[in-house]
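Have a look at this one before I ask anything.
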């Protein structure tokens, strides 16, 4: 008996790996997605290596270079304190990518777990979880962040918590909506009839058919998350100057937008590239996971 | 019937033409306001948005006209004894609804204002007694130097009849004695005033704050600094005192615009935490190490000046000799030797608490860079306005900072700037906000507050400077830009625009 | 279905209570001092402490919570704003008129521009049209709203002088730029979601069958594909509407619009407790109602979901 149970587990595991392999295989064939992935990996590498490769010290101020326009010495120009914007963007990738990607990941994982739970079980579980989300979503994000900072203190973990908490309800709602449409379809009921474990029904039958809206929403949301990180530094979370961070660079340049637009344009472009890459990757991932496209 | 109608129409047309003609003479002005005044009722606290509309909306017993005080509603001030004064009103004051203003209204206003707790300075007004129709007797509990005038200016005056007729305690529709009456208030957006044709005061007796050179005034609330610039460029507003320094070149010497620079009444300064920096040499070293000219260049686009004390030179009790004194001008060698004397070595870290608003981030970044030249790190702890306002007075938080960037100003005297942070009687924990418990400092500040003679002022200033418990950085300058519709801009002592007193 | 709706409406009561207790507790633990924004920067620490005492802010948690709940749920009084001196409910409703105009206009733009864009992209999957519109959509979501807003102002208000730079005193003209700037991200997200869910449906068996049966492209698209792709779109629209009625701070700040977002943010920043707590409660109620509406619309669009709602009722 025990061996039989073990066997099915092994079976499940290997089949799941097979499925994962298939997804990866299809993803690898998708050129657009691969470009997105490569650029993203390059950005992450740049972030990791930035202490060694930035052309200037990101914190070095200079009266002579205030608002310097892009030039050969300073390809992206200099900011209000005469600091090199290129170096700040390169170094700023550390905080921005780390905060942006991590909090998106955390929000997605929690959101998908909760969403599958309420979508699959429905009924009381659905009602209670969704009503709790109604309550949480009613609280303005800024207040939640201040409360987190006041109650739990500063630190990178709490910053990620503050950034991710706002993204969870949307993920849950999207997933719940899609699961509701597939929940009673024949193939799900068939899978349940042949005694598939609930976990397996959710992961291999329900999620692949309902995850698409979540991928779209999550990959588009990362830009906002990076921007939001800037406002957290005022309430004891996030990063403090002079450590650069893209969202803070944008908001610093905001008052100079019409006079010295390069202060805003380059950090803005950096954020846009991340959003673009993540979306290219997300589209590819969605296509690769779509069971209807299996071939 | 038709004839009658056409007659009415013709009349309306003529009337509207007439009003249009008067409008053409530049009879209305739009003022761009950065802060939202919120409740414009008389007995509110002096929040930041309120100071912009205060003198257009209300009149007080006394006002500050230029550098000196003079009566506005008050005709005569007669001392009875040290703590008792008789205030005689003009006997022909009427408000916009036609109510006569008498001494009983003065009593009503001061008592109501005191009861709200919004104007805490009024606590030293013990009572107001009605002597006759136009004479009110003020009993004070204590009067420090300059208190009398500022107390008589503190409380806006309205008639009791008008106040009681208002449904919302004048929060949106004040009826006052001012030459301008609020005719429309869209909260968060615009406040429009019309000139009161039956204004009570004779032209030759008008203080600047009560002048009324224009028919209609609109305050437009524009919170975004770039949009303030855009609105002025598009000539949607005529004047604004909140133009960002770096945009001044867009208006200075440009056809159709003019710029006036007026000193702000606030000064930025550093507070050292005595608990963590008890050594005077160390505090002095930091003061010498910071190049204020750099701060002015980075944070204020070169517009501003190095403070000479905690406060600017505009106050009447500022001692002129200080302007020529040495006040921790940037000196790398002195700073280094003082750091050595105090035993501060490279690698030391200071935690700098600041309010993430306006130019403060640039100031602290400049300080950070300056101390970096000595190998000293500065860890910045920035908070938004609400959190900073709480933490700076919070005894429990004082263990979390070594240096604090603060800002202060007062409506009348330098001593009132000093007392905010340096008089331990004004703190909840019996020390200055820099946690100094120095009896000599306290004796000197009390002497200066009670009697602000140049000797007393100088004694305190010199002692503070020597001990360097606090260090004045920059006195700000406001940029007031306007279209040429306004030929001469007028401001109150807080640097706020007085649209009625501007010339057109 | 009616019973389901009734049950959900009853659930609003605990939800409202939950929001009230949570927001009260958050405001309680959030540092920050309402007295300091009331008295202004020239008040000393001692004067501030006296004002706090007078405002009852030094009372114990449970006393203040009880007072707040009693006032809100028994007396139905949301209190008076510290800053404006007017009733929170009236203040909120005054601001809501502007926010409502913006929210409705933006939603209309989002739905009527975003959806067709998404459908076009999906039906021309991987074609030029698909690539161009999706790239534009990505640019749309990643441009910061203030950036777009200020650029629009620079072009249409400062340089061309066609529209006002800010404010609400020019009628509908005041809302044109804010709505364009605000709806850009919404249109983009709507287009991407529509495309994504249309793609899912177009690839499914029954659409392939319908196409094979020789039904016209249009019939297949609007009769068969679109209804099945609607669920995520409804979620996005519902959520977006709920969010937008809470105000759009960035746009309201840039365009100096006295909307709900600025009212609430200013209140949070100055710790205007009655406004924050009352506003959150009302906005929470509106949001919950919209979410209920979304669930009802789900049932109308998809009979299977309706069956699930009713099935639960049967089980009980």
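Per-chain numbering from 1; labels A, B and C assigned in written order.
Everything that follows uses one rule, which is that contacts are C-beta pairs under 8 Å (C-beta built on N, C-alpha and C of every residue); 3 or more make two chains touch, one makes a residue touch a chain.
On a predicted model such as this, the values are computed, not experimentally measured, just so you know.
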Touching both chain A and chain C (chains): B
Centroid comparison with chain A (C-alpha atoms), farthest chain: B
Core chain by centroid distance, with centroids computed from Cα atoms only: C
Of B-C and A-B, pair with higher C-beta contact tally: B-C
Cα-centroid distance, chain A relative to chain C, in whole angstrom: 21
Whole-Å gap between the CA centroids of chain A and chain B: 45
Length of the line joining the C-alpha centres of chain B and chain C, rounded to whole Å: 38
Per-residue overlap in chain B, given as positions that touch at least 2 other chains: 226, 230, 384, 387
Multi-chain contact sites of chain C, meaning residues that touch two or more partners: 31-32, 150, 154
In chain A, residues with contacts to at least two other chains: 146, 254, 257-258
List of chain C residues in touch with chain A within their complex: 11, 14-15, 18-19, 22-23, 26-27, 29-32, 138-139, 141-144, 146-147, 150-151, 154, 188-189, 192-193, 196-197, 199-200, 203-205, 228, 231-232, 234-236, 239, 242, 246, 264-265, 268, 276, 280-281, 283-284, 287-288, 291, 294, 298, 302, 304-305, 307-308, 312, 315
Touching residues on chain B, where the partner in the complex is chain A: 225-226, 229-230, 244, 246-247, 250, 294, 297-298, 356, 361-362, 364-366, 368-369, 372, 379-384, 387
Interface residues, chain B side, partner chain C - complex: 36, 38-39, 41, 44-48, 50, 117-118, 120, 168-169, 171-172, 186-190, 220-224, 226-227, 230-231, 233-234, 236, 266, 384-387, 389-391, 393, 407-411, 416, 419-420, 423, 425-428, 433
Partner chain C, residues of chain A touching it in the complex: 122-123, 127, 130-132, 134-140, 142-144, 146-147, 150-151, 170, 173-174, 177-178, 180-181, 183-185, 212-213, 215-217, 220, 223, 227, 250, 254, 257-258, 264, 268, 271-272, 275-276, 279, 286, 290, 292-293
For the chain A and chain B complex, residues of the former touching the latter: 59-61, 63, 66, 80-82, 146, 233-236, 240-242, 252, 254-259
